[in-house]
Each structure stands twice: as structure tokens, then as C-alpha cells.
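Look at the two complexes coming up: subunit A is in both, with subunit B in one and subunit C in the other.
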Partner chain A sequence: MANNSIELNVKMEVEKVQSKRKDWGLKWYVFLIPSFLGILLFMVYPVFESLRLSFYQSNGTVENYIGLANFKSVLTSNSFWNSVWNTFYIGIFQIMITIPLGFIFASLINSTKRGQNFFKVLYFLPNVTSIVAAAMIFAFVLHPEMGIVNYVLHAIGLPTPGWLSDPSTSKWAVIILAVWHWIGFVIIICLANLQAIPSEMYEAARIDGASGLQQWFFITIPNMAGTFAFLLITGWIGALQRFNEVYVLGGPNGSPARSIQTMGAFIYERGFTGFEFGIASAATYIMFILILVFTFINLKFSKMKI
Partner chain B sequence: MKHIRKGISLSLILMLAVMIMLTGCSSSDTSGKADGKWAGKKIKVQMIGDFKDKTATDPITGKKVKGIDVLKEEFEKQHPGASVDFILMPWEGYTEKTQAMITSNEADVYQMPGLADFAPQGVLEPLQPYIDKDKEMDLDKFIDSQVDGWKVLGKDDDKLQIYGLPFLGDARFIAYDKKLFDDWGVDYLSDHPTMKEVAEKAKKMTGKNPKTGKQNYGIWFRGDWSSAFTLIDLAEGQNGKWGEGFAWKDVKFNFNSPEMKKGLDWLLDMKNYAPKGLVSNQGSEKWLTKDNNVAIMMNQGPGDTIKPTYAQGLEDRIGIAQEFKNKDGKGGLFAGSPLAIAKSSKNKDLAWEWIKFATDEFAQKYIFEEVGAIPAIKAAKTWKSTKEMPLMQPVFEAMRSPVTPRYPWGSSQPRFTLTSEIEAALTGKRTAQQALDKAQRESTAWVENRK
Partner chain C sequence: MKAGSSYKKREQIAGGFKFAILLLFGLLLITPFVWMVSVGFDRTANVTMPFPPKLIPKSPSSFNFGIVFENGSLLKAYLNSGIVTVSSVFIGVSASLLAGYAFSKGRFKGKKVLFVVVLCTLMIPMEPRLIPLYKLFNSVHLLNTFWPLVLPSLISGMLIFLCKQFFDQLPDTLREASQIDGAGEFTTFFRIYLPLAGPIVATMIILAFIWSWNDFMWPLVVLNSKELQTVPLYLASFSLENGTSLGGLTMALATMSVLPIVILYLFLQKYIIQSIALSGVKGE
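Now for the complex of A and B:
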């Protein structure tokens, strides 16, 4: 009887504490309100407002409903498809170069006994540099007459391209900048994965007589699949949203001759320099759909589970 | 214990609420001081450019310059009881910032270079009624063409109206380096040069400088951002025009006219006498330095020329000639910054007083002598400070003779279409005729969609 009473008391105390914790726990949601309001105001609302605007001819204040005309205008615009081409061209080459190169560098850094931290810092530094500042410096580095790149090319007897002043080379100027800026991040992510591969696997392979290259091909690379998929997806999303560096290097219309105008720059040009907010909103939604489709394809292709 | 926890949570919630109120809410108080003719009146003025709140060091000249509090003090002295506050912003992204401000009724007076884009939104107050009833405002005080240049169409207007009055002046001209002309033994540019004169002189001054042995270029022009305006001026110099109309329903482009074609051919020819990077705004880095290697600079503005020239001690080297003009003596881009009153302003009379004040000699002298911006009034020609800078006189002349009103497509899609096609021609992607035909086709299609 006494035991039952004690048990009942304990049970009641536990329920009391649990209920208090529950009450106390709910109160902490109050602290989420500011950030939640921020998300609602600056992310959720603009998403729906932009969708609404895409059906209007709007100069910011005066609006006329025009149905799907903005979408038709964007989808039939050569400039838009040119910006899609530029975005994909720069993005594909950036990813194709940076991920393999970053992985090779990460493997080399991982295999060195000394100076690992030095190399990590060295390669990661560009990634913490503002892309706007980096783009401005690259404009000097790739200056057709006074730039260090053309100086070196000239010194070794190679032709000196016009880089940003020539539509045939301007995209490559952006690719070089993008690779330089992103490679540090790729190296760090790859290194984290490399260091997580169990050493026993390499030990067993060595006992079986596998060479260093074989270990790299048959142990390292298969174990990196998840990281490659992650880099591929984040790289794609970043590449499709590219704006800052092309805006600094080529302005809103992607000079020269729209050769580096990306989808983001197209939206900026029509929205904020031309006051065509409806067109800009429609282009934003088309860009969103493109990113969605390609992310889906990437997920399927890389078999990454989310 | 329970009470303590409740107390803590209540005080935290209270603190949070106070924080949100403090950070999220700004004062919407429109009342000023208690005494005087303008008692209780307060305005907010948005200003764009190199204005400073307080006295600071100018990064170009190294001199101490007075802050905008000088204007505040004088305005409030002249208008007892009134109060003025400023919202200062840089030129970067001013269009979208202004749009955001005007949508949220943030200021009473705006410095608004994009007047032609904002007036059709119906967010600005027409100024003609204020001009008509105020004897103190004489439009003749402004340099010729400056008022006409800013006439635009409002939401329901069928003819051009005044929605803004000139505050900061601007102009486009041809600048040149007299030292390079001397080194090459070439006569300086005449005050009103022709395309032929500029081309001939540019060609003579390209190559190894006979005195210094260094590579010189005869000419430079920006092949990207402002190339559309450079080309339009070339057409104007041959009595051509960009087209006609102001409201989109009336606009007809003439981008592929024979004058435009000749102008673009001229630019293609001049490209051979210019540094390599002009399409990416490169190659003129040494301009306004002692090591300058470019003889003639097309389509220059006073903001980037006058103050740096005097700051570098290059005033004896730099000359200014006028851009190409048509048979009426008009040619070149009209530019600058007018002041406009927001329709939502609660103190429009005081806002008008600010416009009068800002376009009078006290404020105009301040913007020239302290900020280094260009005044927009005739009286400025006779100031001691402008006379001490002889380069200002051809700038005033250039301000007097641009094509007005401002090109209605100057910040719209046709400008970017034309610019991109000029770039395509300059980089060999298309011939001059193909590029201009494409610009004409696309701009016409764009404007048809706006009708």
C-alpha cells in the first residue's frame, strides 16, 4: 500500500515536471518569432509577390494585368536564351574543372605529411574573399595590355587574348575567376571526406598488393561519391544563380555583346535598370523552374538521397 | 520556483517585444520645431552622391570639406521653425533604392536622375503650379536647356511637364591631353571639332611618342556602358537623330539611319587607334595621370574630369572641346540630377522651399566648392571659385547645348539593346549595318509591346 502511494506520488511528480517542461518548452518558440517574421517578410512574401507581378505589366507602381504575356515575352526573347546559354556554359565548365581539380589537390594535400594546414589555408583563402572584390582584381589581372596573365603569355611566346574585351574569351575569364574562387571550398569538403575513409581499407589493399594509384581508383574515388554528389548539386545551384561577378565584370547587360550576361543579370537588367518588374518576375520563375529541373536531374544522376 | 520561471519568461517576452519595437519601428514624426513661421514642419531630403554628414577629408583632393549640415543650418535659419533631415546614398544602385524609398513614402524631396521613369508612376508632384504662384522662383536662373532637359510626362499628361528642377549639373564633352598634342606636333582640338578633325588628329597621335618613345593612342571611348550615347552624338553631329517621340506610344526609333551607320563606321575606324580593352572599359587607366598615353577621350563628364584634373595638378595639360553638334548647335546626352517632390509628402510647401533653397546660390556654391559637383545655375559662371578653374567654362557651354528633353529610352531596354549591338560590331560579331538593323528591330518590337 505504502509502495503504491509512493509510486503514485512519483508518477504525479514526473507528470508535473513533464507538463512544466512542456509549458516551458513551448515558450521558447517565442524566440523564433523574429527570425520567422524575417523569413515571412523577406523570403516568403517576395516569392508570392513576384509570382503575382509576373502576370502584370508593372513599373513598380502602375500595374496592368496581362496574363501570361510576360512569360511569352521572356521565352521568345533571344537575350533570355542567350543568358541561359551563358549561365550553363560558365556553370558546366566551372564544375567540370573545379571538382576533379579540387579532388586531386585535396588528395595531394591529404598525402603530404607536413604543411597540410598551410595548404588548406592557402587554397581556402580565395573562397573567403568577396567575389565582388575578386572580380575587380581579375579585371586587372586579365587586362589585355597591362594584365599579368597576358604579360606571362607574351613572355613565353603565346598569343595574348582580349579576355573581357572579346566575346569569344570573356566567358573563360569568368570561368577562371569562378574556378579560383570555388576550388578552396571543394578542397576542404573533399579533404573532410578523405580523412573519414577508414585507414584499414588502405592497409588491407596494400597487403593485397594494390598500388597507390589502384588504391586511389578503387578505394578513394568510390568512397567520395556522396561528396561529389553534394558538390555537384550545390555547384549547380550556385552556378545557375550566378550574378555578382558577371555584374562587376560586364554590367547588367553582360558586356561585351551580352557574352557574359547570366539569367540573374538578365533579371536585374529588366527589373532594376528598365523598370520592367513583370518581365523580371516572369524570368525569375522560369529560372526557378530551370534550377528545380536540373537539381532533380542531378539528384537522380548522382543517386543522392535527400 | 514556478513564479520565478514565469517572471523570467514574461520579462524575456517583454524584452523581445521592446527590441522588435525599437529595431523595427522608426519615427514617422513629421513635425519640426515649435516656433517660427514654419513651426512644426519637417521634411526629409534624399540626396545621391559624395555628400557627407559632417566635415570630412576629400579622398581625391585631401582637403577638408564641409558636411551637409551646412545646408541644414542655413535652410533652418532661413525657414524658422522648419526642420530638414537627409537620407544620403551613393550612386551605386540608386535607381532601385529610390524605387524602394518612393514606394514606402520615405522622403519628401528626391534627387532623381531617373525622373522620366518615376513621373509616369504618378508618384511625383507637378511643379508648374508652384512655379506659377511663387514669384521668387525664376527659371531663367538655370543654365539654358537645363529646365527643358528634365521635362517629362506624368501619369496622365499628354505633353511634357516640369516634375523636377535642376540641382546637379552634368554634361558630355571631349577631353584631350595637350602634352601629347605638343609631343606629336599636332594642333589642339578646336572648340567645336568635327568627326573628320578628331579622326585625323587621333590617327596622327597613335604609335611611339616622338619625344618619350612610349606607345601612345590617339583616342579612347567607352565601348560598353555609354557607347549608345557616344554613337547617338555622332549621328547628331551629322544632323541625324535617335528617332522621335517621348511617350512610349509615340516613340519611333531610327537606330539604323545612314547617320547612325556612318557614326558606327567611324567608331569602328577609331577603334584601330585606341587601346585594346575599350569594350570592357579598359585601356584608359593612365588618363589624368602624368604618364597618360591617350590623346583624345570621347564622351567625358565633368565629375570624372574637373576635380581629378586640378587635384593632380594637370590643369595646364587638359583641354576640353565640345561634343558633335547639329545645325542648331545641339548635340550630346543631357544628364544631371533634378530635385522632385513626392506626391505623398505631407509638407509639400516646405519641400518646395527646399527646392528653391537648393537651386539658389548658397547651396549651389556649396555643392561646387565643397562636394565638387557641378552647379546648374547661370550665376556659377561668374563665381570666383569657377573662374579659378578655367576648365569649368567649356563645361558650362556643354551644359547649355545638349539635346533636350533627355532621351526617353536612356535607361530602358532600347539603350541596352543598342549598347550590346555596338559592342557586337566593335568585337567583330556583326557588321555595323547588321548590328544597327538588329538594334532597330529589337527596340521597335520592345516599344510596340509597351503601347
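Now for the complex of A and C:
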């Protein structure tokens, strides 16, 4: 009997606590209202609406269901595949150059005793300026006749390419701009992670007689694998979305001769200069799927904890 | 003793060598900026660019800068960018603080699922949302206003994520103590946790500022009026109109668009670099 009443009491206490928790629960949703309003209106709705639109022929006012015709038309369009090629070409070279170069400079900055902070600030400067302003400057820096790059190339006896005036070199002009703009970011991320490598590892190696270069190869580089994966994937996702600089340098059609039109520019051209919403939505979904695949790989690689 | 000193000497030489390489490459990186300023001060550069390039123009003049200011478009663009950025940062950071706090300290049904939803938004780029959002704002007649630039800033998965991580490091006991004193959930948040969140709020403001200030594709889609152009839009339209014909003027304009950001960066460099590193490292 006494036992029962104690049990009853405990039960009542538990219920009290639980009901109090339920009470809290409701309050917590209030905290989430603004963000989830944003998610519903500006994320969930547009993603599904875009999918729907990709099955319609649409110019914004008149809509006709046409099944997979938009996808078919995008996937058989030469200018779409040309934009994919341009996007991949610029992205691959940007990443292949910037990550190793940025890592080397981060290592140098990390190992120098004087002026570490000065170099950090200096190297990050290009990344602070907007890519639009940077593209505007580089149109002159890489100008075939009056630019400083060709002046230097000529002075040391190298051939002077036409850069942005020549479809065969224009992608490299964009790559140079992209490397210049992104390298500061790569250096900052590398430095943060270099400094997180425990110094005991280096001490142990030094005691075993490993040289500086050996330490770099056998301790630093393996420890940076996660950082490289992160930079590779985020860099690649950014590269797939490239638009701003190619728009400033070549307009929506990526002149000269569509040689720097990226997927983003293709979508902009079809969607907002041609108002072919259905076609643009289909192209957008193809790009979205590409980005999703790489983001998943990124999350897998980097073991982000939830 | 001798071996030690020669080792030290070798170290010193290697150190000097590293320093020289870093300095050389660093100067190479900022050469475009130096050249930009130099050409900006050259009045004749609008007709023919100075060639071979010079550090100091033959007859320095502030003519180009005078035109940039007289025209007034750049100042207007600054004002527009300022309005958009401050509003975007405010609503983005506020909403993310609330949500980040709830995901860190809250106990409610569906917390995990909802947080996964937030993380999923990190994977959704702007491009697939461009046309539906354009149609959405068109249908409520808000194209050519700042609303389409500001309102979508309400949601940022990255800011919520960073904020949650920060609150996770603060002890729960603070909450319990405050609640024993009879404070409600909101009072606890505003009185106890928010005052401790200074560092993460600074980081969030810096990141949200950079995103909003540099935003280009979406503003390009929703703003047609010259009156409403933000700084990047004005630069792009100037550049596309004039190509490489008005060198001096273009460079003066570029200088004036870059300068305020560079000054801000030099003052806040420590915090900006930390914020960028944090968003990268945490993302990992």
C-alpha cells in the first residue's frame, strides 16, 4: 500500500515534469518560426516549383505541359554542352593550380618567423575584393596590347597571347583571375588546419632525425588530407556555379564565341534574356543534381557531425 | 658547438629565402591593385593606356576620380548596397541566432529531423531557385525593390550551424540556474546566452556582410532600374557598356569600389580571417 502510494507519487512527478517539457517544446518552435518560414518560402517552394516548370513550356505567363522535352532539348543542345565543357575546364585547372600552390604558400607562411600576420593579410587581400571588381581590373591587366601581363611576357621574350580577345585563350584568362581570387581563401583554410597539427608529432620526428622536408612530406601532408578534400569539394561546387566573372568579362553569352559561357551563364541567358523558363529550369536541375552529388561526397569525406 | 652554429646559420639562410619568396609572390599578387590605382590617376589613360606600364603616371591628376564622384552613380550604388546589406545581415543573423539557440539548448519533438532540414539547405544553390523566386516576387509586384534581396537572407543554414556549434560549447547549467529563478525561455536567451554570444555574432555579421555585399546573380535578375543598382551591378553594367575603352575612368571607379572594403578589411583583418577560417574548418 505504502509502496503503491510512493509509485503513484513518482508517476505524478514524472507526468508533471513531462507536461512541463511539452510546454517547453512549444516554446522552442517559436524560436524556429523565422528560419523555417524562410526555408519554406525561399528553399522548399522554389526547388519544387523549378522541378515542375522543367516539364512545362513557359515564358512566365503561358504554360504548356510538354513532359521531358525540355530535358531532351537541353541535353541535345550544343551550346549547353559547350557551357558544361567551359565550366569544367576552368574549374579543373583553377583547382589543380590553386590548392597545391596555396598549400605551399600556407606552409611557407606557417614556418616563417617574421611577419606571419603581414603575409596572411597580404595574401588574403584579393579574396576580399568582390569578384566583379576583380574581373573589371583583369580585363585591363590581361589586355593583349596594353595589359601588364603581356608587357612582362614580351619583356622576357615569351609569346603574348590574346587572352580574352581570342576564344582559344580566353578560358585561361578566367583561370588566372580565378586562381588569383581564390588563393587567399585556400591559404587561410590551410593555415588554420596546419596550426591544428599537434606539435608533438614534429618533435618526435625531429628526435628521430627527420629533416624539414621529410616532416613536410610524412607528417604535414597526410594530416592535411581532410583539408584538401574539403577545399577540393567546396572549390568544385563553387566552380560549377561560376557566373559573376564570366558575365562581367564576356556578357551572358560568354564572348568571345561562347568560349567562356559557363552553365550559370547559359541558365541566365535562356532564362532572363530569352525568357525560356522551362528550358532554363531543366538546365538548372541538371546542374543542381551535379552539385548535390558533389556535396554528398563532401559530407561523406569530411564526416560532418549532426 | 661548431655544428650547432652552422645549423643555425643554415636555418637563418633558409628563413631569409622563405621570407624573400613570400614577399615577392605577395607583391606579385597585389600588382593589379597597384596598377589600378596608378592608371586611375592618369588622365590620358582614357584615350591610350600608359604603355609601357608606369608606377607613377606622367602627369598625375585626380580628373578620373572627380568624374566618378560627380556622376554620383557610385555613391548611389553604395547607398543601395548599404541598405540591402544592413537589412540582410540584421534579419539573417537574428533568425539564425534564434534557431541556432533552439537547436543547441532546446528539447522538442522533431529536433533532429528539423536540423537535418537546415543542413540540407546548405546543399541548395541559388540557380535552381532563381526562376521560381523571380516569379514569386513578380507575382507580388516586388521586382525592382530591395525586398527580393533582403527577404531570402532570412534563412542561412551556415549561420544556424555555426551558431548551434557555439551554443553547444556553453554549459546548460546557466539555463537551469536562470530557470530556477523563474525566467522563461526567451528571457534566458536574451539575458543569459545572447550577451555571451559576442564572438559568434561578430563572425556571423562578417560572413553575412560578405555574402550580401558581393551578391551578384540574384540582384542582376530582380533589379532592372539603374536607380536601384548595388555596387557590383553598377560595376558590371559600367564594364559591359565601356569594355576596355575608358581605362582611366574604369580604374578610378574600380579603385573607389575596392578601397572602402580594403580599409574595412585592414581594420578588421583578424576577425575577418578568423571568420573565414571558422566557416571553412567547421564546415569540415
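Just so it is clear, the second predicted complex is superposed on the first by the 263 of 306 C-alpha atoms of A that agree within 3 Å, B and C clash if a C-alpha of one lies under 4 Å from a C-alpha of the other, contacts with A are read in each partner's own complex, and residues count from 1 in each chain.
Rule of thumb we're sticking to: a residue touches a chain if its C-beta (ideal position, glycine included) is under 8 Å from a C-beta of that chain, and two chains touch if they have at least 3 such contacts.
Remember, predicted model here, so these are calculated numbers, not experimental data.
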Combined model on subunit A where subunit B meets subunit C, clash or fit: clash
Which superposed partner A:Gly60 touches (first subunit B, second subunit C, both, neither): both
Touching partner for A:Asn253 - first (subunit B), second (subunit C), both, neither: first
Which superposed partner A:Phe272 touches (first subunit B, second subunit C, both, neither): both
More subunit A residues in contact [subunit B versus subunit C]: C
First, second, both or neither for A:Lys27, with subunit B first and subunit C second: both
Touching partner for A:Thr295 - first (subunit B), second (subunit C), both, neither: second
Touching partner for A:Gly38 - first (subunit B), second (subunit C), both, neither: second
Which superposed partner A:Ala139 touches (first subunit B, second subunit C, both, neither): both
Which of subunit B and subunit C A:Val74 touches, first, second, both or neither: neither
First (subunit B), second (subunit C), both or neither touched by A:Ile148: second
Set of subunit A residues, in rising order, touched by both subunit B and subunit C: 24, 27, 31, 34, 60, 139, 143, 145-146, 251, 272
Interfacial residue positions of subunit B with respect to subunit A in the complex: 2, 5, 9, 12-13, 16, 19-20, 93, 95-96, 99, 102-103, 117, 120-123, 155, 223-225, 275-283, 285, 411-413, 416, 419-421, 423-424, 426-427, 429, 442, 449
Residues of subunit C defined as touching subunit A within the complex: 14-15, 18-19, 21-22, 25-26, 29-33, 35-36, 39, 48-49, 51-53, 91, 94-96, 98-99, 101-102, 106-109, 111-112, 114-119, 121-136, 138, 151-152, 154-155, 160, 184-186, 189, 213-214, 216-217, 220-221, 231-232, 235-236, 238-240, 243-244, 247, 250-251, 253-254, 257-258, 261-262, 265-266, 269, 272-273, 276-277, 280-281, 283-284
Subunit A to subunit C touching residues, read off their complex: 21, 24-29, 31-32, 34-39, 41-43, 45-47, 49-50, 53, 60, 105, 108-109, 111-115, 119-141, 143, 145-146, 148, 151, 180, 183, 185, 188-189, 191-193, 196, 212, 226-227, 230, 234, 237, 241, 243-244, 247-248, 251, 264, 267-268, 271-272, 277, 280-281, 284-285, 287-288, 291-292, 295-296, 302, 304, 306
Contacting residues of subunit A [partner subunit B, same complex]: 20, 24, 27, 30-31, 33-34, 59-62, 73, 78-79, 139, 143-146, 162-167, 170, 249-253, 255-258, 269-270, 272-276
